[in-house]
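Common to both upcoming complexes is chain A, partnered first by chain B, then by chain C.
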Partner chain A sequence: MAGITIESITKSFAGVTAVDNVSLTIEDGEFMVLLGPSGCGKTTLLRLIAGFDLPDSGRIAIGDRDVTDSPPGRRDIAMVFQSYALFPHLRVSDNIAFGLRMHHVGKDEVTSRVREAAELMGIEALLNRYPTQLSGGQRQRVAVARALVMRPSVILMDEPLSNLDALLRLQMRAELKHLLQDIKTTTVYVTHDQVEALSMGDRTAVMRDGAVLQCASPMEVYDRPGDIFVATFIGNPPMNIVRAVARDSVVKVEGVEVALPEASNLPAGTEVSIGIRAENIEVHTEALDGALPATVAVIEPLGSHLLLTLAVGAESIKASVRTDFAVKRGDPLWLELRQGSVRLLGSANQSGPSD
Partner chain B sequence: MSAAIRRPRRRATPQRQLAYAAAGLITAFMLFPLYLIAVAALQPRTAVFDYPRALYPSPFSIESMAFFLNATGILPALGRSLVIGVMTVVLALALGCPAGYAVARYRFAGRDLVQLLIVSVRAFPILILAIPLAVTFINWNLYDSVLSVALVHTVMALPLTILLAASVFLRVPSELEEAAMSMGTSRFGAVWRIVLPLSRQGLGAAALFAFVLSWNEVFAAAVLTVRNPTLPAQIVGALGQSPLPFRFAGGLALTLPALVFIFFMRPYLFSAFGQARS
Partner chain C sequence: MSGQVEAPALREAAGRPRRAVRFSRRQLEPYALLAPAAIFMTLFFAWPAVQTLLIAFQKANGSWTLDNFGAMARDTDFRLALRNTLLVLVLIIPIETTIALLMAVLAQSRLFGRDVMLYIWSIPLAVSDLAAGLVWFSIFTSHGYLNSVLQDLHLIAHPVGFLDYNNLGGLVTAIVLAEVWRSMSLVMVIIMSGIQAIPPELDEAAESLGAGAWQRFWKVTLPLLKPTLQVALILRTTTAFQVFGVVLALAGSALPVLAVKSESWVTEYRNYQLAATYAILILVLSSLSTVGYLLFLRTPREVFQR
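Then we have the complex of A and B:
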């Protein structure tokens, strides 16, 4: 068991900076999710921790051991690959036992630990099969068992669920979380799926262009995104971003004053962007003081709720309402932004998500 | 390692029938002369001059073959050819696998140049290589030895061995190696335990090509040996003065081992030509 300290790590490939001066501290036993769009450097960061690539500069420590230049086999890590990377010429039992044998663990202990890991993952019946004889979900379990059997200080997972079908992914997500909470091993988990990031992690590091934009608990990242990119990358629908003009602790949106939860130090008249989640918008059918007048543009029934796309002046805002909310296209509505849920996201010219 | 290659049953469409007919024709074109040689070699010596030619050995006789095999120097030459073939396979794989691995896995300065140079070995006529090599081997006291011929055959087989090995290694996902390394092996250990076992088929094909190349090669073998020729060198040397049945028997003796070798290596051969492994 050990935490991970990453200090000012930089890595470029052929002139392209994949990881740009990243520092990150992962606590012992923590479940850290690296989240970001493809090409953001999350997998490279994971591979640097694993030791498959070596950083151009910076330092990585696992526990209190500096492993910056150590080969992967001496880092006390175990990796679960997106493709599972099971050895096709070895039976499941030999796949799981591989690492133990490389570490010259005694025969009896290998047998008992393989059995133990297989039982944990519910794959005892598959031990004599070859990987090609397994389904995707079974391969996934073998890959996890092969990592757990090593009792590593750190488990690294590279999009382990992305090759499973939707239903199985949902099931494995809960099972993995349960399992990793039980064994309390430090875990770094790479995903581009924000639902996985929110539901599994103790903390989520949101990455873009090789940098960590925000590293906080999932609810914090969801509720108080650090910038427009995080706000729009996380959550479905993404956070509404609306241009506004600042004045003390109030911003003006389309001529209506909206209170900010905390005072801003912005000079009056500064153009800013504010963010608000769809579920934090109270929708009224009658005019209300301090509410934004809007027109219904799109109604999307999503089963549990209706998602409305509303035109507010030149802005487009999404709000969710109960399914029994009687509304039709073109109806006028009034939007009340719930107290304390409006987020100030910097000046308006800041860029949004790149993809 | 893999289960038998299963092909989906397809209906015999006209296109497929045509393809089979063409394949059959080409095969017959290649095999018919070999067959005629075999027929001539397995007939009584006088029957060689019959016209029209017999299409099957009648009466069957091993007289020519026995005469050929009993001729002075033939059996030792056959033995040397086998030894040189095996040595060539071993040397070509021992040198070609690491080189192929480097080409497949590492991005190093001058990689493209190295690849070009590897292939360009074959651009030199063996004539140009053999004469200076003969002089060098004389100086090294290697001339007229099994090792000298095996070394030259290795050089000739290496380009194909390296390229085949590289393409075979590329088919093994590097994640498998990384997984092995993360579990405590060195890169060499990962190659030894994971990459090589998974590359058996392709490397088998490379071995096949090296062996057949060595078995058939005559020029370098003839230049580099005097008293200890390989079978092809021996036959070529004796060709002028030997009777026709002897030549046919020699032809069969040269063809059969290669055919047997190819027969046993045929699954590997297919994998080298890119047929999918299950």
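Then we have the complex of A and C:
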């Protein structure tokens, strides 16, 4: 068991910087999710921690051991690959036992540890099969068992659920979380799926263009995104971003004053972007003081709620309402932005990266 | 443990009604594309092979007989030719397979200069066997490069007869060298294609589980290369039984081998029956070796089906 300390890691391939001066501390036993769109450097960062690639500069320590120059086999890590990377010529039991045998673990201990890992993953009945005789979900379990049996300090997972169908993914997501919480092994988990990131991680590091934009608990990242990119990458629908003009702790949206949760220190008249989640918008059918007048543009029934797309002046805002909310296209509505849930996401002079 | 991999597609295919037996252009297209190769193979391989088989069981006048095989066994050089062929083969195959495996692994590595290495290694692919034999002849002959170099270095006083008719060791060494040089690039290309088909994550997975480079080669790469090696070995053993041009250029008749015997019975004695019988013997030996490889390098069917 050990934490991971990443200090100013940079890695480029053929002149393209994949990981750009990233520093990150992962606590012992923590489940850290690296989240970002493809090409953001999350997999490269994972491979740097694993030791498959070596950084151009910076240090990596696992526990109090500097592993920057260690080969993967000496880092006390175990990896679960997106493709599972099971050895096709070995039966499930030999796949799981592979690492133990490489470490010259005694025969009896190999047998008992393989059995233990297989029981943990519920694959005892598959031990004599070859990987090609397994379903995707079973292969996934074998890959996890092969990692767990090593009792590593750190488990690294590269999009482990992305090759499973939607239903199985949902099931494995909960199962993996449960399992990793039980064994309390430090885990770094790469995904591009924001739902996975939110539901599984103790903390989520949102990455873009090789940099970590924000690293915080899932709820924090969801509720208080650090910038416009994080706000729009996380959540479905993404956070509404609206242009506004600042004045003390108040911003003006389309001529209506909206209170900010904390004072902004922005000079009056600064153009800013504010963000608000769809579920934090109260929708009224009658005019109300301090509410934004809007017109219904699109109504999408989503089963648990209705998602409304509303035109507010030149802005487009999404809000969710209960399914029994009687509304039709073109109806006038008034939007009240719930107290304390409006986020200031950058002004014209301190703009977020996606501006 | 229930069998879960049954194909449900059969029912669908069976239920489809048969249409009239008029072939559309689309249906004929694959056969048209195959035709040139099929005609070529039939005319120049299948037909001569059938003819050879028939001639081996015929007398000169065309009547059927098994006498040709007895005559071959009584041929003065028969045992020698068989021994030499097998001797050359058991030396060539392991040596060239090992070297080719090493070259393929090096060519796949991220070593500096691997592209240049690959080009140089591929040169023998373009050299015919007789030309390869002549190249090595010019090295090993009494006035060849090797003797010149050794004399210039004052390591030997007089030229050494590496290829003298009674120097079995010299002849076999030269033939093995030439044949290995000529064909190892072919084996390398086959093995490289096999290595490239192995997903790189498997190597990384083994590495992260603590396997060193040597263990990864023995425990992961080599077992997964088995089907590829099987193809390469079958191909090369079959052609090594037919070793001809290299032997002709380096040894002439000083080191009889089966294929050269077959040729000399045609060109020197016009005895097509005995020549065909030698050819059939080569065919039988090649087939037996192929069956051997298929049996001993078998991969469980479960391993590679996707």
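Heads up, the rule we're going with is that the second predicted complex is superposed on the first by the 347 of 355 C-alpha atoms of A that agree within 3 Å, B and C clash if a C-alpha of one lies under 4 Å from a C-alpha of the other, contacts with A are read in each partner's own complex, and residues count from 1 in each chain.
The definition used in the following text is that contacts are C-beta pairs under 8 Å (C-beta built on N, C-alpha and C of every residue); 3 or more make two chains touch, one makes a residue touch a chain.
Being a predicted model, the structure only gives us computed values, none of them experimental.
Participant: Overlaying the two complexes on chain A, which is it for chain B and chain C: clash or fit?
Facilitator: clash
Participant: Who wins on chain A residues touched, chain B or chain C?
Facilitator: Comparing chain B with chain C, the partner touching more chain A residues is C.
Participant: According to the stated criteria, A:V251 is in contact with first (chain B), second (chain C), both, or neither; which is it?
Facilitator: Neither partner.
Participant: So, does A:H89 touch the first partner chain B, the second partner chain C, both, or neither?
Facilitator: both
Participant: Tell me which partner A:V272 touches in the superposition: chain B (first), chain C (second), both or neither.
Facilitator: After superposition on chain A, A:V272 lies in contact with neither partner.
Participant: Please work out whether A:A125 is in contact with chain B alone, chain C alone, both, or neither, and reply first, second, both or neither.
Facilitator: A:A125 sits against chain C, while chain B stays out of touch.
Participant: Intersection of chain A residues contacting chain B with those contacting chain C?
Facilitator: In the superposed arrangement, which is not itself an observed complex, chain A uses residues 50-52, 71-75, 77-79, 81, 83, 85, 87-89, 98-99, 102-103, 132, 146, 150 for both chain B and chain C.
Participant: Write out the stretch or stretches of chain A touching chain B in their complex.
Facilitator: 50-52, 71-75, 77-79, 81, 83, 85, 87-89, 98-99, 102-103, 132, 146, 150
Participant: Hey, which residues of chain C end up touching chain A in the complex?
Facilitator: 1, 4-5, 199, 201-202, 204-212, 215, 219-220, 223-224, 226, 299-300, 302-306
Participant: Hey, which residues of chain B end up touching chain A in the complex?
Facilitator: 1, 173, 175-176, 178-186, 189, 193-194, 197-198, 278
Participant: Give the list of chain A residues in touch with chain C in this complex.
Facilitator: Residue positions touching the partner: 50-52, 71-75, 77-79, 81, 83, 85-89, 98-99, 102-103, 125, 129-130, 132-133, 135, 146, 150.
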